[in-house]
Each structure stands twice: as structure tokens, then as C-alpha cells.
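Labels run A, B and C following the written order; every chain starts at residue 1.
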């Protein structure tokens, strides 16, 4: 049986058995992939899964219209699975709310609950790392002088129109009122100009420090092609190096930014 | 006799116009995308694909200062704000972008004349580039447009002789001035215009407008909007989307009043200070998007507020496309008619 | 250069008054007499404007005073956010900006010889009050004038001094009410929700028009009462509110279906409401 047949069969099954009221997976739209929401087992035939399936579907588990139809089943490659575990660690997702049709490395791992997902991630996907290409580009950036790096980001952020697609596509961005929407005081300029664009993009990256699983949804979502993974990747590498933390593997993990360990490097305090 | 130019010499045309004082905005390659940008000498002009950004920002910028005040304690003094409107040529925008200007012209002059928009509009010469190719997201022909439409254009560039050359056809006084200003960059000659792209009609927009008038409460809105993440990618990329926010910012010494692009896709768009939100879910917000473009604008201005450029469908992080939704609406309309 | 449609007029605060907790009234005078002349050429009661403090922003309120009083304009608002806080913190003598008048107006001239019923709730009295003043400033032209006004509690009643003035006049029938539980020991008015008191008062609809303004729930229950009392939908008026930014029809935010509150409103008749996509409200 082809992998996709097994996924479709299980999707129909979880709906039929009432383990889920809604299945979220990927469908084909020409050469692109988009999300599909199934409540009828017969609709499972629309599901596809291949390397083009890049959107992080975990983001929908924070959407009220989807939450109203929980429990939800999600077709999840490792990046999505890590996001689900992160959401659980941050009390945004409870075990009984989600069932996962786990895929990865061309293999379908079957229907799992969050505990099973966590075990699978630790067993088979513990070594997930940014791609060599991304690491190389991050190193290039890190090797620049501050002036060079500032010039680089100034040019990139000049493209930003403040559409907030990066925020909307990110499972980790779920604040009911985003910092950019607070206006007493207005912390971040709303104008799509250099000052505000720097503040927005950098602050969003900082708010995800220690939480970003490098799924790439933000960069894929950006309609202006800004290489956001370089920003998030740089911070993620810093966090991994300094705190040994990799988010999205442990439902009990404390948030890196919100917890303190006596062993934390304090060398930056001079 | 026509005005012709070799296809690989477009940047010479840009250079000639720049020498005459035009700010040249043209499609150029930027990493793996084509972007409409201020052209720099030496840059090649890339006509291979529609730009990821629309021409909107050169008439209605992403952010614009519409008021400025010098502050002193509790006193303030208003200062003049001049529209920034350098003499500009949009060299090689797609017909769908040029046609979109007709929508913006109508809106920004609806009873009140927006001096900021009008100044840029008056200062800009629009040279449209007829499309030789189209992709599956293009749907100009479904909304009354065409790959060789000249609506909104002061001059048009047509590919000719199998793509080896372009014919420049001036259409308005501005277009004629531009052709004259181009000088030797344009040669007198003859060329055979290449056929424009074929863009199959994907849906009947009249059926969509009609259905929208009768189906405000349809469950279809909830279904089509489930995938929507509620960002502004489609709105910002869209040539005709014109909704904006007005925000004040500044320091203790100077305040500015800004006009920024906004989007009906955000919950905050219609949120009242008392907490009530007329469009509390994405279904209501999606309904507004479609209704505004295909129904309300038609009722008030007699034209669709969509030119089928397809950017929304190309750029949506959730692979939602207005053309797909319109097709679903047309299907629903046909199904209802059968009953 | 050509006129900047977003350039506001300069105003100075002539008087400021706290009406109720968090509710403040500002009386504003035009800094430039030419601005004042231009304003009053256009202004009819019901129209609104955008009041602002540079650096904080602009906020939309009705003009709470009528064109029969040409030395000033008034606005009454609740402190709810950044702009209203900045406005509320301004002192007498300090400047604010004003853009307007925008929108449509109540056809007061058409009501000559008719009885006029005003029904208002809470913070929604200001738009009604401008019409009340307009009518009272031309008292002879109208028949019976009845005002029914209620708020959640006694403290929440706005324009308390004017309420006393209206009660003291011999030519106005005033009924005030507070929600059950909102009364004080010495409260002399009615106790009950506005729609209920309206039904009990049962004002006559003969040769009468009615104006209703209040929180959505109050309007929702008052309109059927008026219809039951025999008021014809074209003779019942209300004002709608929506989040606004430009005030002049360009920013695309205040529409209810294809109608814009800033252009086709804010004054609408019940007949018009019945034809509108009020689910978009």
C-alpha cells in the first residue's frame, strides 16, 4: 500500500470512529499544496503528501473556528509535530484535543497521540537541524561586521509591507493581542518604513527565541521574499549553543526565555 | 512606421528616460523573483514574469505622511505636507496593474479629491507591457480584462518578431511625450506584434456579483475561509485593495499623521472600542473581501474592484485564491439555479 | 498645493465638563473664523467629525451641539483608549484638531409642525441632544416634544444639568429612567430598561417622528416598540456607529454592506435599516 493510501485510510477511520471531528491535511492545488479540512470520511481522497507540503498546519490549532471542532486530526511531518509539542508545552494544546497522522522521511508512522508524537520525535527525529545551506548562510551573516549585517537587513526589511503573514503563518504567534497592536504606548511603529520594520521583524524573532522550531513557515509565507529563516535561525542556533535547548521535543519543557538555570552562561555580564 | 526597440535594450530606454529626469520604475530581478522597483543604471529589465509586488505602491505608498505637527508642551503647530510626486515612468507594468489604476482613480476621488494620490498619478506615465505568457493564477479575462488591455496605460509595449523586439505605442499625451523623450533609444521601424497570452476564462464574474447580492448568510463563507490565516498578504499584494489606516506617531517634539496600508483580513480592522466586532470571525472577513470587490464596488462605482492579476493566489501562505473562491461561488450559483 | 483633505482645523477648548465616570464633554471654539464660517455653511445636525490630538490620533464622535449655536461645537465621549485618553486629559485653553463635518443629517426641517419623540440610552444621548437643542432652539416650529432618556445608573446619566433644564421647561415632556438596581435613594425618575419604559409611556405616533440612539441592545428592543406604537419606518431615525478612520469614504472600513456609515449615514431611517445588511454591523 502506498504511503498516501494509508494516510487517507487512517484519516477516514479517525473520522468514522469519532476520534476526530475534523482532519487537517494537505491537498494539491496545481503545483502547490494547500490545507484541506475534512469532516466527511469520503473527502479523505483529497489528501496528498509529498515534499511540496511545507505549510505548518499546526497554526490552525489556534484558530477558533478549528478549535470549535476539536478533537482534530492533523497530517504532520516532523516540523508540524514539533510545533504541536511546543503548543502543548505552552499550555495552548491539550492531549485529548489532537490526534496526529505522523509522517517523515518518506515514512508514515501511523496515528499517534501527543505522547506518541513526543516519543517518535525523540526516537527518530532528535537530530533535526537547519539545512546545511541555511547554516552556511547564517555563518556568512555572523561573519559580517555589524555595519555589513545592518546594511543587509536594511535592504531586506525595505521590502516589508507589514502584512503580518509571517505572524499569521507561525504556530508560535498566538497572542490574542500582538505587541504591534498595542498602542498605549505604541511600542512598534506601524509604518512600513525602516524603523518600524526593523523593530517588528527583530522583536518577533526575539519573541520566538527558544520557541522557534525552524519550520520555515514564516519565510514561505512572506509575500516579499524576505529571508526570515536567517534571523530566526541565527537566534535558534544561539539558543541551542548557549542553553542546549531545542524546542518542540518535550511537552514538559520550560520555556527557555522564561526560566533560569544556575548553570546558564553569565559571561555576558561584565 | 512604429517605434521599436530591441528586446534586450529596454534598459537603454530606461537610461534615456532617466537622463531626461524621469524616475524609472521597472520590473527587475531580485533573487528568485521579479520585483517592480526603482531602476538603477546598469540593471536589466526583467519582463519574464509578473512582478510579485503591484504598481499600487507608486501611487498609494505603504506608508505616507499626511499630516505633520511641531509640538511644544501642549501646543502644536501644523506644518505643510507636500505630496511626494517625482516625475515617474512605470516602464513595463502588466495590463492588470494598469487597469487597477482605474479602480484607485475612482476611489481616491470619490467626492473628496486625495491630493497625495492625484499628485503621484499626474506625475506618472504608465507604460503597460502586453503579456506574452500567463500562468494558472492569472484571471484577467474573467473580470473584464485582457492580457493586451490598454486601460489605464499612457503607452503600451508589445512584444514583436518572436520576442526579439518591442513595439512602443503611445496612447495619451503623456505617452507621446515619453516617446519623444526616449529619443534615439526608440527606432522608427516595422515589426510584427506577437500574439498576446491566452488566458482562459475561469469564472463568470456577473454570476458572482449576482450571487453575492443574495447570499450574505451562506455557509459557503465559513467553508472557503477555514484555510485563511487572517494576514494581509493578499491585500497588500493586490493592485486594487485600497483600505488604509490612519495612525499618529512621533516624539515629544514632532507628531506625524500616517496613512498606512490596512487589511480587512485582520480582526482589528473593524473592532469597536467598546469591544463589539461586526466581523468577528474569518468567515465574515472573507465575505467582506469578496463582497467589496465583486459586489459593493460594482454597486457604488459600476466596476469590479479586481483585475485578475492573480497575486493573491500566488502569494497566499494557505494557497487560497480569489479565482478559486469565485469558481466555487459560480458553482453554488449554478447548483441553486438547478433546484 | 491642492487642498489636503486630511488637514484638520485648529480648535481651542473653551469649556470642559465631566458628565459621568470616564465621560467628558469639550466645548471647542474655532481658532480661525474662516474655518468656523466654512463649517457652519455645511453643518446640519447629525453630522460628525474627527477630533484629534497630534501624536495620539483622531477619534470619531458626533457634533453634540446644533447649527443654531454658532460660536462653538461640542463633543461628548468616553475615555476608552489612546486617543480618547489624550483628549480627556486636555485642559481648557489647549488646542485640539477637528475635521468635519462629515456624513448626512437629520431632516429637521421636514418635522416642522410634527411631534418629536427622542429616545436615548447612556452615552448615546450626545447625538440626540444636538437634535434636541436644535428643536428647542426653534421650539415654535414643532409640536409636542417628548424625551425619554435612560442609563445603567444615575451616575451614568450624561448632561445632568440639561436634564434638569428640560424638566423645568413647560414645553417638554421628559421621562428619565435607570436600569433596575441603578437607582439611588433619592432617585425620582423611573426604574426600568428604556424599551420597557418606552412601551409603558406609550407616546402617540400621530403626526410624530421618533429618534432612537443607544447601545445596540437598546435599539434592538426599542424599534419594535415604536413600530407597535404605530410609528412608520420612514419616520423612525437612528444613528449607526462603526469604526472609522478617514471619515470621508476612502479608507474602506465603516461599510455596512455597500453603504458607508460615514457617507450614507450616520443617520438612517428604520425603513433604510430594514433594507440594509445589518448582519454586517
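Worth pointing out:
The working rule: a residue touches a chain if its C-beta (ideal position, glycine included) is under 8 Å from a C-beta of that chain, and two chains touch if they have at least 3 such contacts.
If you're wondering where the values come from, they're calculated on a predicted model, not measured in any experiment.
If each chain is reduced to the average of its C-alpha atoms, the one that sits nearest the average of all protein C-alpha atoms is B. With every chain reduced to the mean of its CA atoms, the largest distance from subunit A is reached by C. With centres taken as mean Cα positions, subunit B sits 31 Å from subunit A. Look at where the CA atoms of subunit A average out and do the same for subunit C: the two points lie 48 Å apart.
Subunit B and subunit C have Cα centroids separated by 39 Å. Across the assembly, subunit C contributes residues 81 that each touch 2 or more other chains. Residue positions of subunit A touching 2 or more other chains, listed in rising order: 186. The set of subunit B residues that touch two or more partner chains comprises 245, 247, 249.
On subunit B, the positions that touch subunit A within their shared complex are 30-33, 35, 52-53, 57, 62-63, 136, 222, 225-227, 229-233, 235-237, 245, 247, 249, 258, 260-261, 263, 266, 268, 281-283, 311, 315, 317-321, 324.
Subunit A makes touch with subunit C in their complex at residues 183-184, 186. Within the complex formed with subunit A, the residues of subunit C that make contact are 81-82, 85. Here subunit A touches subunit B in the complex through residues 29-30, 32-37, 55, 59, 63-66, 159, 161-165, 167-169, 181, 186, 189-193, 217, 220-221, 223-225, going by the rule given at the top. In the complex of the two chains, the subunit B residues touching subunit C come out as 66-67, 69, 71, 74-76, 78, 80-83, 107-108, 110-116, 118-119, 216-217, 242-250, 255, 257, 259, 262, 264, 269-274, 276, 278-279, 284, 288, 291-292, 295-296, 299-300.
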